[in-house]
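The data blocks that follow each hold one structure.
Across the two complexes that follow, subunit A remains constant while its partner is subunit B and subsequently subunit C.
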Partner chain A sequence: MGTEQTPFLEVRHLKKYFHVGRGKVLRAVDDVSFHINKGETFGLVGESGCGKSTLGRTVIHLYEPTSGEITFDGIKVGEETSQEQRHLLTRRMQMIFQDPYASLNPRRKVIDIVAEGMDAHHLYASEEERRETVIRLLERVGLQKEHADRFPHEFSGGQRQRIGIARALAVQPDFIVCDEPISALDVSIQAQVVNLLEDLQKEHGLTYLFIAHDLSMVRHISDRIGVMYMGALVEVAPAEELFEHPMHPYTQALLSAIPLPDPDVEKKRSRIMLNGSVPSPISLPENECRFCSRCPVKSDVCKKSRPELRELRPGHFVACHEAD
Partner chain B sequence: MENVLEVKNLVVDIRTQKGIIHAVRDVSFSLRQGETLAVVGESGCGKSMTMKAVMQILPKNARITDGQVLFHGKDLSKYSDRRMEKLRGSDISMIFQDPMTSLNPTMKIGKQIEEVLKLHRKEMTPDERRKRVVELLDLVGISNPETRYGQYPHQLSGGQRQRVDIAMALACDPDVLIADEPTTALDVTIQAQILDLMRELQKKVRTSIIIITHNLGVVANIADRVAVMYGGKIVETGDVRDIFYSPAHEYTKALLDSIPGAGDKERLHPIPGTPPGLMKPPAGCPFAARCRQTMEVCEKFMPDFYDQGTAHRAACWMLDPRAKEA
Partner chain C sequence: MTNDCVKDSMFRKVKVDEAEREHLDAPMTSVLADAWYRLRQNRAAVAALFILAAIVLLAIFAPVFSRYSFKEPDYNAIFALPDKAHIFGTDQFGRDLWVRCWMGCRISLMIAVVAALVDIFIGVTYGAVSALFGGRVDAIMQRIIEVLVGIPSLIIVILFLMAFPAGVGTIIAALSITGWVNMARLVRAEILKLKNQEFVLASRVLGTSSRGIILHDLVPNAVSVIVINVMFTIPSAIFTEAFLSFIGIGLAEPQASLGVLINNGYQVLQNYPHVMIFPAIIIILIMVCFSILGDGLRDALDPQMSR
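Take a look at the complex of A and B:
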């Protein structure tokens, strides 16, 4: 993907703060800027509590941003000029959730779950058309026609995730936020779902924001990857570049911590162990690097100013004072 | 090397309203002194039930219907509840996936670890116990153990809680530590710390470890030997290098094929279908329905184990000399 094209999704200085009582503020997403090109998969990784899910939800306005700008295919999200435009956006941006057990209404039949978005957007003319569309979607995601009249509890985790994918596809979106869509699935089933997502992307020209903590799968599926730490993007690079030349000390530690399925490699590997634990994300100091307290290469300047993303290699951005 | 634990032909059935689930079907394995055995398999393959049977902590509707659990040669499945209570936490301990639910939220962590000592080391004085707890917290890498002693589980992070769980399990220097998905709920950087800790502790106290996991990276990182489970059965066992570099069972091969290699942008190779239900387990090989190499015999008869070298064996009809002719 060339960087010269206009980005499909552009996020600028996005902030999402939560007030957690007693005047304390949780800065879940704190001044994040990035873009995603059309047809691209942008992977977002980071440890629990780093703000990756909040970022994903804020991008499609499931959460109202505290400040910042989101532009989707030329339209400013949240500042739509008409009701129709807003409707169009909610149709074009969809989401697939992590927990296939919690994200499907247990009291509704599969057909009604999948058709919910179609109902809201009046995407069919007759009851027959509604059923036909749902059946076509179910068959496309690897389920069967008979499944339409069953309830979620009759399905396994992998099958439920397929239902969630069919629901997202039902309204013909062009951008899907996939929030840890495979984390709850068994290894052999994960590959099934990843292949399905890749096939659908090719067929429909979909653009994905793929959030996950399983880094090997993110590496496989993503064109570019962003690494988050404590509400900030600390590194953004093409997938292979990031894995081959991680430049932020946090990314380096994160990558070195993934155990690889190769005993001989594992025996020889040295890990970068981070000292200390993740600091509390509440009331973080404004003007220092968030990674300071655990960083093995910090210097005086890290305590005095917060690093911005800088392009240190082509397409490779790093927010670290010490990286060069 | 001496076998600390030997499980022979273990069968566990679970009674449910809909019928009997044959969760563990004729499982045999052994654990040698000082080694780490990884048990891998998908959810519902019977790996946790096998370990619960070893510990005699099966749910009320499940029971061992056949087989033996030999701990230093003595059959635990014949032990009374009282005798098992003495053994659990002292000679064999277990740590669980979610340290938030396995710790008591209303009790200071120091006191919780002391409970184990009160139960199993009656000769210790309160002062000795306290000293031992601080020592244990220090051993598992918790900073300021004196302060932490008086804190509650919610004041600790997930990784620290898992360390407390490990400290509690190690309080009485057990011969066997069973870890059921100990790092699954943790972030990768914390996972790396816990795996390192387990390895170090094993060197120091010579505990034998069984780790249940579905993460093949974790297996490659920590295991000496591996048992692969599928559909309530062990289908392959071998040294960790055997399993990764010359897998013999079609399931093991397919499982290794399904994970993406480094920098691999090719289409993934998932295993089609889903694992069999164990209410009516298949008569033959449990993997037959999803296998790339299924033959007629696979669906009808369960294959025996075929030796693939010393201590490496797999139960797959493809390994039968007759399969090459067919």
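Take a look at the complex of A and C:
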């Protein structure tokens, strides 16, 4: 993992605010910077509502960022980017969605769902080529060619997620945002889908932004992991490093909450319980650490300034005044 | 702090046996085929469908194949009771009620269907524009609707009919002025719900144009709401038309609509009840059957809604 190479995707000071009426502002993503190298899987974890999905959707330009820069493969996307350039980028950046029951149009056949991106980007010359490509994709993700003419409601959750993966692959992207692609699936099916994603990554040299809240799965699939809390990244580190030496008190608490399959180990383990409540993301204090209300190690300085990400070990960034 | 939790070595890759793979054995169905199947399971709805089909066929063909005309008087057969020559009897001018009933039914249905089509056209466009543009456009359009809802629609309709010459076109226009509001609200709600669904987001990520999203994602998924609403608009349009004709501001003689016929019969109800009973039965059948069929369609198209 060379940090020297130019990153494939670079996000700098990205902010995404939502106006929720009466002048109130929801800061879903607040000043987030990170990068993803080519061919790497970047895991993004955090509790529900911390802004993971918003971050993923902003990176892929489903939402217009409030401010900040997103550079993808040397192309900076901003207001001056033309419609055509954006259209070209939609081919290279794809997304796999969380809910396999909501992410497929119930009124279209599988062949039309998978070919939708090919239709939008004119990636085939004839009707036969379209069908052949779809069938090849279906077989690649573990479905059969007979499935092409069926409708989504006839499939199981795992099969639907495979259709979603085939749809994303159809436009030959090189970057895929996986927005909790396995959290709605059975555990046995989760493993199959993760294996499929890993195989596809090897075959096509894909780069993943993998959003999840299942920490053990993220550890398995990711090269580097970012931990989000209340719209900000609090810790970024290589997967191994993060799990061996978590430095942010929030990460430590998260890791201590992972259930282990071994009851003997589980009994001996001490869990870090967080006290205090999650602050409302609508009225966050500007100049104090967001984790203050729940932090077990907070001091006076935490109330006075917001911590920035600091590199405390090689490649290991933490946003905490108390960490060292 | 070291952590003794998950290690990467805990993960092992398993091979999935081909034979254990999921298979689809059920016959291929589309959403519409499924809906048709569910509708057929609903006996009341099927019966309603057949009765409505029969009424529509009679309304179209009965006047054509009868030897009587709906407006030719026959002063030798005034107020004839139902018999072989006149199946439903005759009215005060000796006009055959069988022909007049189906003629009236034809006009009532036509008014209702055209009014419903206008509702669809205006309501769907208005609701879709309101939902898709959102923000200020949506707010203004919704305020306009609220003003329209605030005024009792019967008053608007009656004033409209006073101002313009009576006729089929005027009645359709009067019914349409306020009729589309309901449709617009339903379509707006449906599209607001749909447009943030993940499959619409997926279409946007894939680079599909707005036109493609409207055509393939939004409209086909809003169809059931539109169809169900039409099933309830048609009988209410028939009823409103009948009501207007009954109070004497709808269609005029010799034109026949179900409302005109009931009004005629009502005046001689004590002496010749058959003049009113037959059109009344037809209008009741139409209203009840549309309601039952509408309920059945809602359950069939939206299975999560029932029970």
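Assume the second predicted complex is superposed on the first by the 317 of 324 C-alpha atoms of A that agree within 3 Å, B and C clash if a C-alpha of one lies under 4 Å from a C-alpha of the other, contacts with A are read in each partner's own complex, and residues count from 1 in each chain.
Convention: contacts are C-beta pairs under 8 Å (C-beta built on N, C-alpha and C of every residue); 3 or more make two chains touch, one makes a residue touch a chain.
Quantities reported herein were computed from a predicted structural model and do not represent experimental measurements.
Considering which of subunit B and subunit C touches more of subunit A, the answer is C.
Using the contact criterion defined above for the overlaid structures, shared-chain residue A:151 touches subunit C, although it does not reach subunit B. In the superposition on chain A, contact of A:258 is made with both subunit B and subunit C. By the touch criterion defined above, A:240 lies against subunit B and subunit C together after alignment on the C-alpha atoms of chain A. Once the two complexes are laid over each other on the shared chain, residue contacts for A:98 go to subunit C alone; subunit B is not touched. By the document's definition of touching, of the two partners only subunit C reaches A:60; subunit B does not.
Judged by the touch definition given at the top, the superposed model places A:106 against subunit C, while subunit B stays out of reach.
After overlaying the two complexes on the shared chain, residue contacts for A:186 are found with subunit B alone; subunit C is out of touch. Of the two partner chains placed by superposition, only subunit B is touched by A:47; subunit C is not. Of the two partner chains placed by the overlay, only subunit B lies in contact with A:271; subunit C stays clear of it. The intersection of subunit A residues touching subunit B with those touching subunit C, taken from the two complexes, comprises 156, 158-159, 191-192, 195, 215-216, 219-220, 240, 243-244, 256, 258, 260-261, 265. If you check the complex, the residues on subunit C that touch subunit A are 1-6, 8, 10-11, 13-14, 16, 21-22, 24, 26, 28-31, 34, 197-199, 201-209, 212, 216-217, 220-221.
Listing the residues of subunit B that touch subunit A in their complex gives 42-43, 157, 159-160, 187-193, 195-196, 214-221, 223, 240-241, 244-245, 254-256, 258-260, 262-265, 267-272, 274. Chain contact summary for the complex, subunit A toward subunit C: residues 57, 60, 62, 87, 90-91, 93-95, 97-99, 102-108, 112, 116-117, 119-121, 142, 146-147, 149-151, 153-156, 158-159, 164, 167, 171, 191-192, 195, 215-216, 219-220, 239-240, 243-246, 252, 255-256, 258, 260-261, 265, 269. Across the complex, subunit B is touched by residues 47-48, 156-159, 186-192, 194-195, 198, 213, 215-217, 219-220, 240, 243-244, 253-254, 256-266, 271, 273-274, 277-278 of subunit A.
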